[in-house]
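This report concerns only the one structure given below.
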Amino acid sequence: MRTLLVAADPTLADFGKDPLWISIIKAAVIFIVLMLGVLFGVWFERKLISRMQNRYGPNRAGKFGLLQSVADGLKMGLKEDLMPRTVDKVIYFIAPVVLAVPAFLAFSVIPMGPMVSMFGVTTPLQLTDLPVAVLLVLAMASIGVYGIVLAGWGSRSPYTILGGLRASAQVVSYEIAMGLSFVGVFLFAGTLSTSEIVSAQASGGTFPLGGLNIPMPSWYMILLIPSFLIYIVTMLGETNRVPFDLPEGEGELVGGFQTEYSNSLKFAVIMLAEYVNVFVVSAVSITLFMGGWRAPFPISMWDGANAGWWPLLWFFLKMVLVFSFFIWCRASLPRVRYDQLMALGWKILIPINLGWILLVATVRAMQMESANKSLVLILAAIVLIGCIAIWWRFDSVLQKRKEEKAAQVQAEFELLDAEPAAGGFPVPPLDLPHYHGVERKEVPSGTN
Amino acid sequence: MTTHYLVLSALLFAIGGAGVLVRRNAIVVFMCVELMLNACNLAFVTFARQHGNLDGQLIAFFVMVVAAAEVVIGLAIIVMIFRTRRSASVDDANLLKY
Amino acid sequence: MELYAPILVLAVLAAGFAIFSVTIAPFTGPRRWNRAKLDAYECGIEPTPQPVGGGRFPLKYMITAMLFIVFDIEIIFLYPWAVAFDQLGMFGLVEMVLFIVTVLVAYAYVWRRKGLDWD
Amino acid sequence: MPWLSILMAVPVLGAVGVSLTKSDKLAKQLALAVSLVVLALTGVMAAQFNPSSATRFQFAEVYDWIPRFGVHYGVGVDGIALVLIALSAVLVPIVILASWHDADGTGAAAPPKRSVKTYFALLLVLEAMMIGVFAATDVFLFYVFFEAMLIPMYFMIGSYGGAQRSYAAVKFLLYSLFGGLLMLVAVIALYVIADKGTFMFPELVGVIQDPNTQKWLFLGFFIAFAVKAPLWPFHTWLPDAAAQAPAGAAVLLVGVLDKVGTYGMLRFCLELFPDAAKFFTPLVIVLSVVGIVYGAIVAIGQTDIKRLIAYTSISHFGFIALGVFAMTAHGGAGATLYMVNHGFSTGALFLIAGFLIYRRGSSQIADYGGVQKVAPLLAGTFLIAGLSGLSLPGLSSFVSEFMVLLGTYERYAVPAIIATSGVILAAIYILWMYQRTMTGPTAESVKGFTDLNIRERWVVAPLIAVIIALGFFPKPVLDVINPAVDQTLSNVHVDQFTPAVADKKGAGQ
Amino acid sequence: MNGTIQAPTIEYALLSPMLIVFGAAIIGVLVEAFAPRYLRKSIHVPLTLLALVGAFITTILTALNGLPDKAAAMGAVAVDGPSLFIWGIILVLAFISVLLINDDEQFVAQASAVPGSTDEEEAVRSGFAQTEVYPLALFAVGGMLLFPASNDLLVMFVALEVMSLPLYLLCGLARRRRLLSQEASVKYFLLGAFSSAFFLYGMALVYGYAGSIELKAIADSLSTVTGQDTLLYIGTAMLGVGLLFKIGAAPFQAWKPDVYQGAPTAITALMASTVLVAAFGALLRVFWVALGGLEWNWQPVMWGVAILTMIVGAVLAITQTDIKRMLAYSSVAHGGFLLTGVIAIGTFAQNTQALSAILFYLAAYGFTTVGAFAVVTMVRDAGGEAGHLSRWAGLGKRSPVLAAIFAFFLLAFAGIPLTSGFFGKYAVFAAAVSGGALPLVIVGVVSSAIAAFFYVRVIVLMFFSEPAADGPTIATPTLGTSAVVALAAAATVVLGIFPQPVLDLADQAASALFIR
């Protein structure tokens, strides 16, 4: 059976052989699946979230309101298309396209199944695969950022520009953490091609500890838990989803970068793109960490599970699960403050990530028979000590900072109370000199 | 086959060079320089394909790194002078004449 | 090349769809002219005039962009290393430790210089 | 006993000592003492010199300096070098004594007070270098001294000279430097082409055979020397430098430094590139003759005493060059002797003129008149020095000038005859100047003049003595010079020389 | 692509000088990050100096252990005689320059503060100092070490940038006349980036021609590859542009005066001395090792460049009224003199002679330059250093010693005998003559005569003209500065009177030429 399995596993060699019409069919299918997926996704999100909030959610259009999102789509088409005078026309038009296209493209390297025979042609259930497939995904993700920036920039209003900038800053920040979280996977898989990564998760192999060989879990999500968790977080950040949906933070920025895209087809495209992005990141998480289209543990006992068309089922089931996780977050988590967001991305995810990579690499090196163990240990020790030393110094500094900050805030509030008129919450009388907060002492950088 | 890429890279390089020489805004000049660097990358990758060895692609990596470093430093410098002068035109930078 | 052709097909589909829907948008909907609709939306107040070219925005964003470039470059180097790690062996480990440590030093510097703080 | 090294070391150490002294007075006395010591040593050395010995360069010392370049510290003297060294050794103490107050800022038109110590220290350094340049038997070493010599002189003119001093100093430095750099090229080329791996002069003699190469290298050296010993038309820097320099510096400049040029022609141009020398002889002869006449005529027209003296020297250098390139025993010997005599007589003229100017504060001839009434001694010595300058029989210059003309006549009749006219012109400018300054009614400005004081007498006396002595009895000097000159000429193979052709050449120009 | 990769090896011992310098630089960054402000300087200075000394010692040890016959680090870095000699020079010069940098007065309190703003006042008052200078300088020095030693074009390019980028920044950190300084750094940066782009494209073309970027491989390809000559020639030309720019050879000298004038003088000293050394090392490597077989094609061009450089440097210097600009042009002229040595390529013996001559010249010139700029830092005005020549009038009266030393340096520049400059010039010219470049030497001589004019003019100004009433004050030098001047003067004298040992050293270094 193993042999059959291996045979069914597509490798890089199996790609690029399809005749054009097969490719066209695959592409069309993927495209349509994504479109329908969006319709389904919108409905599913609203339904599920409302259930979580003890509401019914959409239940008028069609059975269980299934047609709700279709109706929304039509409505958008029939809305008036507003275009403010001030906008930069070209950019304003291009932005949605730039946002949408890469989102679709990223999906082209997502493996959805093993080799199957399609109209008599044996071909993998995957549009195509590249030696650098994962890079393609990342590249598309970052091109998407242009869409956001252009949209914000092109529509020439303070809200949109701020929204655009924030969005791009956030996305790039999380992209780093995301990229780093992949490194662990590549260390184990030894390739960047998605299909081979999936096949690499077929069996975990064993970890020689002392005499006995401990069988390893086959999914990297278990083997590399830290990477996986980090990826999950970045996945949310990358797609501007709650709790990281700052760019369209209604509270402060109205609609963020899409403010000026009134509720018309343009907006529909943007929204579509966002959902597709969500699908892409979940698909990636599945491919890299959850064994891709491979059947989950109990089912994988059944030999036929990973052959033929079945894997499609497992794949989409996983998709639905991950997507529901998105919704779950949205239902349960509050939106973070922007500085918290950036701090999380830069100050926590990245260092942990780098440390984790080093750790993994070291372990791998230890496993190599050629390895010169003592050297590895020495290196590890040095790095560890260095980090600890720095962190210890660092921590004290941070502590000091926190106290200073607290003291300042304290002082501000006292000052507020001291001012009788300023107590007049919520709105101070207009004649009151506008309150800007106590001018806080500038702590020159690097001082303690 | 690869000639077209070379021609393209040459063109890009020329455009960048011309830009450096004729444009006045420091930032634009600077972007032209980056354009030249990327033209080099294109040439490297093309030649790598011609010769069938990977050196060219590898070089392209390093060039990117260097370009990045250059961007960081260059923007820092330009911003510095911009904040003093409220203008990024290299023509306004005329204190250094004898 | 064959590997990339399918991507092209998908790209054509997606682009076609996006452009189509963006362009027909003005025609599907009704037209009810109204001055207010042509202003940028700022919760009803007079829209603040935007300088051509979008004007200037906080340096902070530039710094973030710079940092992003730096770390992205680091990732560029991490990927090939990770893929070839088993072949490189100890050498790879040592070199990468040196590399990452160096980057971390720069990172710590930025951190202490408040390069990562948003307030 | 390494005489020459000692001769160079003593003044250098003296200079250091002088610059360390506390008081100016002490500095002057120390400088004088040192220079006298050098004089004494030179005397002793000269006494041991054996003119008739087979070895050409005596007191020779050779040490590796920069093996990488084949450069040696090589010194040694033959007759020619010896007399010139003696000349400088004699002149320096006199100059020191003469310029006792030059740097004090006293005196009518003297520049403001400058550092006295520096002045005398520079003087001593200069002396060391002058000795070195004459003693060097290594071409490179010669070049090093040749260039380095400029610097102290440059500072002496520039900081202690008259109103136009800095202009004069720069002009002087740049002219000499330019010549020197051309010489540097020639030196390098000489080394490379000779391919001997050494710069020692004796080993380089006669190495360069190819006539064409010779010509180029010759030019390289010759131009440098022609600038140094101002040969028409390279002379323009001299009047300025000499006129602006303090009298003492002027003496050393005209009296010794410029001799390096003529000495270089005699020693290097002739011996290293004999064929080229012969090839260029007509040209040089013409230049020197023109120089003689031109210098003399322009001198007549001068209104400034020092400039006038400077131009006379240009005329005299014409004679010297003439003698050198005549390539006859008489010519060479005469030229060498002329170098010495000219040193003394012109030196005397400059110093006494210096005293005049120190009193009156102006170097314009028009400002004087009837000095001989108020200061007879001054006027008298001035006259003697002047007469020696116009080579009156019985005074030193006569002998040498006669020998030069004689030697020239043997080969080049026409130039010799033309050159003779220089003598007559000399009579005009000297005597006319004397008449305008010393005789006639006493000018108002000259009334208060005091005659020479003790110091000044001590300055003038030895000079006059030497002038007269050499005028009547030049034999000892000639005995020293002749063998060296013969040696030189034999290296030039003059015997292969056919006067007839050259005569035509010479006349044809 | 999936072929197994042989894990490369690196000779850490051979590279230790560079590693030490870079390591120290990184530690410096950590110090910046974590040491409290008041401690930083007192940590940086010893750290930097120690690093340089350590690197120097390791360099000497490497040299004593005998030179390797093949390039280190998989043929990427050539640690051979010339490299080691150049490393020695650079490290010593850098050491001296750091002593100069050590003098606070020169660097901005807080680079980020807008000139004339309240922030700046505050920063100055609270006595801040931009101590990043030290790590930056170390990084630059590291780049300089790698630049001449790099044995393939990629490493050379990276080194070029590692060397340049910190310098761009350092140029903008002057404490006084900050606008000038910032402008200098912008100009330097833009032009520098421009030129390195040229270098890069040239590299690309040469790679296209040879199919490799290792100098050795390129040299071999000259004989094997055919029909691609256009690529090769254009590539060579562009590489040349990139390198000649760093040297400041005409017609690429435009940046030099501006940058030298604007930058903090200590940094100018560092650049003027070490960068020239490093750049010439690299130039020699590229044109001798890689393109030696192409001699007949690039020599004529080099002739032109050399002549132009000498003339331009000398002539334009005359018109200058600012001491630093004047020195900048003089360094242009000196670059021209050195180029005559680069051209004098021929037989093996000839090459060794030329190489050692160049090495000696670089050493001699470097010391003198640092010394000269050190003196410049001491002549201060109300607004900082008294750059304008007229302010130097009568310096000889104010402080004879300083003026005398400066005059001495100038004479050394002019190449007067008994100074190091003379022997440097002599060695190079001698090499050129025996290399059959006599006309070049004559041009060189003429232009050095012209150059002598403006050196002399400064001396005249200092000694023969009356001091201005409100003349500049002579800052009582810090220990560091005076040490620098003393060292430089000593070096100039010793090399001028007894150059033999250094010449021998240079000969040994050059004896084996570059390893391929």
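Chains here go by letter, A, B, C, D and E, matching the order in which they are written, and residues are numbered from 1 within each.
The definition used in the following text is that a contact is a pair of C-beta atoms (placed from the backbone, for glycine too) under 8 Å apart; a residue touches a chain by one contact, two chains touch by 3 or more.
Not measured: the values here are computed from a predicted model.
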> Common contacts of chain A and chain E?
Replying inline: C
> Centre of all protein Cα atoms: which chain's centre is nearest to it?
Replying inline: E
> Looking at A-C and D-E, which one has the bigger number of contacting C-beta pairs?
Replying inline: A-C
>> Taking each chain's centre as the mean of its CA atoms, which one is most distant from chain D?
In response: A
>> Using mean CA coordinates as chain centres, what's the gap between chain B and chain E in Å?
In response: 25
>> What's the distance between the Cα centroids of chain C and chain D, rounded to whole Å?
In response: 83
>> With centres defined as the mean C-alpha position, give me the chain B-chain C separation in Å.
In response: 21
>> Nearest whole angstrom, what separates the Cα centre of chain B from the Cα centre of chain D?
In response: 65
> In chain B, which residues are in touch with two or more of the other chains?
Replying inline: none
> Do you know which chain A residues sit against two or more other chains?
Replying inline: 390, 394, 446
> Which residue numbers or ranges of chain C touch two or more of the other chains?
Replying inline: 72, 84, 89-90, 92, 108, 111-113
>> So in the complex, the part of chain E that touches chain D is made up of which residues?
In response: 396, 400, 411, 414, 416-418, 422-423, 426-427, 429-430, 433-434, 438, 441-442, 445-446, 448-449, 452-453, 456-457, 460, 463-465, 499-500, 503-504, 507
> Which residues of chain C touch chain B in their complex?
Replying inline: 59, 62, 66, 69-70, 72-73, 76-77
> Across the complex, what residues on chain B touch chain C?
Replying inline: 61, 64-65, 68, 71-72, 75, 79
> Which residues, counting only chain E, touch chain C once they are in their complex?
Replying inline: 4-5, 7-10, 26, 29-30, 32-34
>> So in the complex, the part of chain E that touches chain B is made up of which residues?
In response: 1, 111-112, 114-115, 154, 157-158, 161, 165, 168-169, 172, 178-180, 182-187, 189-190, 193-194, 197, 200-201, 203-205, 207-208, 211-213, 257-258, 261-262, 319-322, 325
